[in-house]
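Chain naming follows the written order as A, B and C, and within any one chain the residues start at number 1.
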Amino acid sequence: MAHALELHPDRLFPPDPTIRRIARELHGAIKGLPILSPHGHTDPSWFAMDVPFGNATDLLLVPDHYVFRMLYSQGVPLETLGIGGGDADPREAWRAFAHHYHLFRGTPSRMWLDWVFAETFGLKIRLDAQTADRYFDTITAALATDAFRPRALFDRYGIEVIATTESPLDPLDHHRAIRAANADGSWKGRVLTAYRPDAVVDPEFERFQDNLARLSDISGEDCFRWEGYLAAHRSRRAYFAEMGATSTDHGHPTAATANLDKAEAAILFDKIVAGDFEPADAELFRAQMLTEMAKMSLDDGLVMQIHPGSFRNHNQQLFERLGRDKGADIPTRTDYVHALKPLLDRLGNDARLSIILFTLDESAYARELAPLAGHYPCLRLGPAWWFHDSPEGMRRFRRATTETAGFYNTVGFNDDTRAFLSIPARHDVARRIDCGYLAELVAEHRLEDWEAAELAQDLTYGLAKKAYRL
Amino acid sequence: MAHALELHPDRLFPPDPTIRRIARELHGAIKGLPILSPHGHTDPSWFAMDVPFGNATDLLLVPDHYVFRMLYSQGVPLETLGIGGGDADPREAWRAFAHHYHLFRGTPSRMWLDWVFAETFGLKIRLDAQTADRYFDTITAALATDAFRPRALFDRYGIEVIATTESPLDPLDHHRAIRAANADGSWKGRVLTAYRPDAVVDPEFERFQDNLARLSDISGEDCFRWEGYLAAHRSRRAYFAEMGATSTDHGHPTAATANLDKAEAAILFDKIVAGDFEPADAELFRAQMLTEMAKMSLDDGLVMQIHPGSFRNHNQQLFERLGRDKGADIPTRTDYVHALKPLLDRLGNDARLSIILFTLDESAYARELAPLAGHYPCLRLGPAWWFHDSPEGMRRFRRATTETAGFYNTVGFNDDTRAFLSIPARHDVARRIDCGYLAELVAEHRLEDWEAAELAQDLTYGLAKKAYRL
Amino acid sequence: MAHALELHPDRLFPPDPTIRRIARELHGAIKGLPILSPHGHTDPSWFAMDVPFGNATDLLLVPDHYVFRMLYSQGVPLETLGIGGGDADPREAWRAFAHHYHLFRGTPSRMWLDWVFAETFGLKIRLDAQTADRYFDTITAALATDAFRPRALFDRYGIEVIATTESPLDPLDHHRAIRAANADGSWKGRVLTAYRPDAVVDPEFERFQDNLARLSDISGEDCFRWEGYLAAHRSRRAYFAEMGATSTDHGHPTAATANLDKAEAAILFDKIVAGDFEPADAELFRAQMLTEMAKMSLDDGLVMQIHPGSFRNHNQQLFERLGRDKGADIPTRTDYVHALKPLLDRLGNDARLSIILFTLDESAYARELAPLAGHYPCLRLGPAWWFHDSPEGMRRFRRATTETAGFYNTVGFNDDTRAFLSIPARHDVARRIDCGYLAELVAEHRLEDWEAAELAQDLTYGLAKKAYRL
């Protein structure tokens, strides 16, 4: 017998009756607010071309590294799931997933997926080996209808604005198409890009030299000379801003920054483009580029996001066989206090600059990040990120940062996902956890109820709007 | 007036009435399950020879470094307690312990000891200076009776299987005797060994050279040559497996692994056996040996346990005076992401391999261990270990690991103790904490009640059975 | 309409009714105990001269780096607040503060300030832009009255003893004046000094050479020779002890200690005083000085406090413009296990020595500090410190340390503040959090109610009295 799937209206609220009552009330007032998604990885072609999504497996399983990494950890070969090419049958892949769905008990993926199943597809029984086919058929059939095309879901989900992330090498054709649709009134959805220059900033990125050549082409600058390279960034940033970007994003292995003078930077750059460098040179170059990007932000007003601390492609064999983004990025210990100092020495007191810091190392929340953000005018704290964008992770974030940085040095929630359908589910989790946390503060008389109500609005909407200049 | 000693049936369940009700129900269904103790340090001679245990002090105080380290920290000389030789009067030692028993308030030792006092010895008043003698007499008298001999307690405690840990240099005579008793039907208790080769793997271990000579003798191989040394490991592992071992155990200062080729490894080994090495060589050798052990595990199927991160014998004066294991091992910061990579590069994608990782550095739970175990097919997470096998420690473990690694990449509970009488108490704590955690998830509607019931069984019994191949 | 300001009698107690009832009862029995403030930074001239405090801004805003760092982080220039000289109008500064008071929601500063407003000044409406002037006038007017002079507040606050911190270069005139007042019966308040030698121990301290010259003058020793330098410390410590000091305090960048022999130490010292040293020499010298201080403590009985791990004056521009203590000290990752070993190798087993360890790196609580303090007879754990002396910070401290170190290796609460008026508020928070924590243990049947009642007394009063030898 299949188990019922029902999303409980009190889910994620602390069970204490006093706190739950307050949380419910706070949540009631904000649950209908539009979604701001200022950082994520959805594909702009979805919204530009509005082509139906295909089958359940291709939409919900193949692109979601949270999901397939867990299956892989329990011995399910990725090829079985249709990851990394191969010709796995989507229905068989779905069955394998369904058979192992119990692995996700206690994980946020389970909550997000159940939300998608129940709220988006109206499923009323739980996913397991028995219901696998019914799920696959129901979802795949729905996806073929107009109501489940990307723009329709965007509208139905109440998304006010969403940001994607693109490389400077991207011509942003899809974004241009969306803006054209906005202009001609055929679709109102606001989709912004964000400037993510890792591929042309990280000397250790695959095909870095080729990327510089392409950047030269696309920008018309000589990107093998320091001045030309910087000019190319400036012009691409301007183009991105024209296409709606309000932010840049930097996914570096560490948070290292540098403060070289012009001559030193040029010499380092020559070494880098000559391909004649050590890992320490690459690290220094990335570090210097964060400071260069901050300087450009002062000019063009783009908000800067730093996402450090992931050891990318940790699984060497898998990387060689299937390439990047296969669920093998692992967080590492991350220092901020020493790493950010060079940039902060240069620009840290300029309140016009806005840098949003993220971490995969929770030990830095209370020790480094909250004290930094609670002092420097240019710093804000991004929300619990990646492996930590979960109920317990979000609670740890609030408990560890609020007392030193307050709420107003944080920037609301980021869903940071390419799993488009899960976006409302992720915001739902964040809103419920924040309301539960505020309710605890009220129940312990650390906050008045009217303050909590204001904060619930700010954490859900106001802070993201302001921090990302949306 | 003496205070009553009563174990409350709801102990360790969260106080919220909703959660407590669910926890009580989950616990009711699993509290009677047999004990699996796949990792620990009880003495196999107890079960081989079944000699009565002696007096209260020798059984409960002298071998328990959790207990005597706390007394020592408050100025009680170890010699007073009969630790490290000397001729302390056991009754006087017990009185000193009783006099200081308030020091253990809020610690797991207090819970474990109270359980032993109440459940094993039927004591109904609390231990303090006034009741010290009554305790000493009651316990010592009971230990002289048949009902308190090792095998009787083993049976009474409902232990299905227990593993001890032995060095490759151990002839395993006691294990052979126990297996003989199993075979002739005189005792049914299952007692397994585990292969713990630190004494012949760590070049910095006391008398390492002598240990290699003894390993040569016992294995018939020339352990001063790389090939002979590896062959000796292979043959001892095979012998251990014959004596019931299903696992190996590695207590290294760090989690470092290496992936040297055969020639490099042989050169390093020559350096090590010549005694002409630096600390970095010793570290590299230990690192390489983890990879060698993993390769052997692929062949013989022994599960591998890595217990890194303890700074052994931190107290130099005490070590010189009284030797190792005197409560002076201190946890250190431990990296896994870089440390394990060489081994994982070589073998990490082989689902036949099973490596159970432990830590004394809780900051690695959510940052490194859960992401690693939630990806690599060969990795599992051992439970909260040593200083962290306590109510708060276990809660932190579940809260920090479940969302990324799930429950099914964990392996149930380890009591990891030489304090035999406390084993049921430790499992009791683990079961209660796990049921309380599951109850919280149910009360927050993050898990269905029937799922929690399944998980309670798995966390108590199924996962350990499977992970340790029992 | 202004919002009411009322301190709820149940504030900070956990909301669960069972726990709250127990917490309330525990708190009822200890809330009236006198305040022991064994570590802090109030100005002894206040109590020596008893001059009225001035206006609201000068008393509550300008000296409180918790407050002005938050305002600065949100773009309020420090000069606007009257920090770092300048001629800001105190009323205008107060208005700026009031206008931004919502920034402190969820922070301990908010709780401390609200306590001061409500309990000390009898204000019944909340601070905001509308009530700013009323606040400024009420507070400033009150401060002009006798009831709000330093000694009157000291008496009213029920302070039994308070320690300040002074440099060896301080002649302690104010302390001598206070002792004279104690002797002639004109005031009974006990105000102790503490020996804080950073300015003459840290070669990287501003004007270190000048400081040595001044130490020579004040001590009559030649402080540019190792023996003379040590003799000067001994004589200043003796003088400090005469002026009531029971402790020394050491604010080092790391917890590093060293164990050089006499000749090595003298050579290092020569290098230091010659000004011809590298950062590593400075670090080694500070490290050696901790061991020297510990040796002196064995002789003169002063309790030693180590406060490591702050990256001082992280904001270079601000430091150059406005000097130290401008809210730009940032915690860093801090190792204790390796750092303390040299000192512990030398003196760690001497129960006459008492060293109180603090940290800004909470990851060390369970991993390093509790295991160290739960073993070495000379070590005790200071309370949650600085950024962590907050409700969540204090809870993390208890949860992470109690299970391994117990309660009796901790030393009660430190307010560690120069914000004199907030002292009772800070102790109020600590008492409530400790009672709430004890109540949780009772409600989970991990502690008996009568034990919790004893512990509440000890945590509030007994442990500080004993640990600081007050």
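Here is the rule we go by: a contact is a pair of C-beta atoms (placed from the backbone, for glycine too) under 8 Å apart; a residue touches a chain by one contact, two chains touch by 3 or more.
Every value quoted in this text rests on a predicted model; they were computed, and no experiment measured them.
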>> Can you report the angle of the rotation that maps subunit A onto subunit B, using C-alpha atoms only, to the nearest 5 degrees?
In response: 120
> Any idea if subunit A and subunit C meet via the same residues, over half in common, or different ones?
Replying inline: different
> Taking each chain's centre as the mean position of its Cα atoms, how many Å separate subunit A from subunit C?
Replying inline: 40
> subunit B: which residues touch two or more other chains?
Replying inline: 16, 363
> Inside the complex, what are the residues of subunit B that reach subunit C?
Replying inline: 3, 7-8, 10-16, 69-70, 72-75, 102-108, 111, 311, 314-318, 327-328, 330-333, 360-363, 387-388, 390-393
> Considering the complex alone, what residue numbers of subunit B touch subunit A?
Replying inline: 16, 18-19, 335, 337-338, 341, 344-345, 348-349, 351, 363, 366-368, 370-377, 379, 399-400, 402-409, 440-441, 443-448, 450-451, 454-455
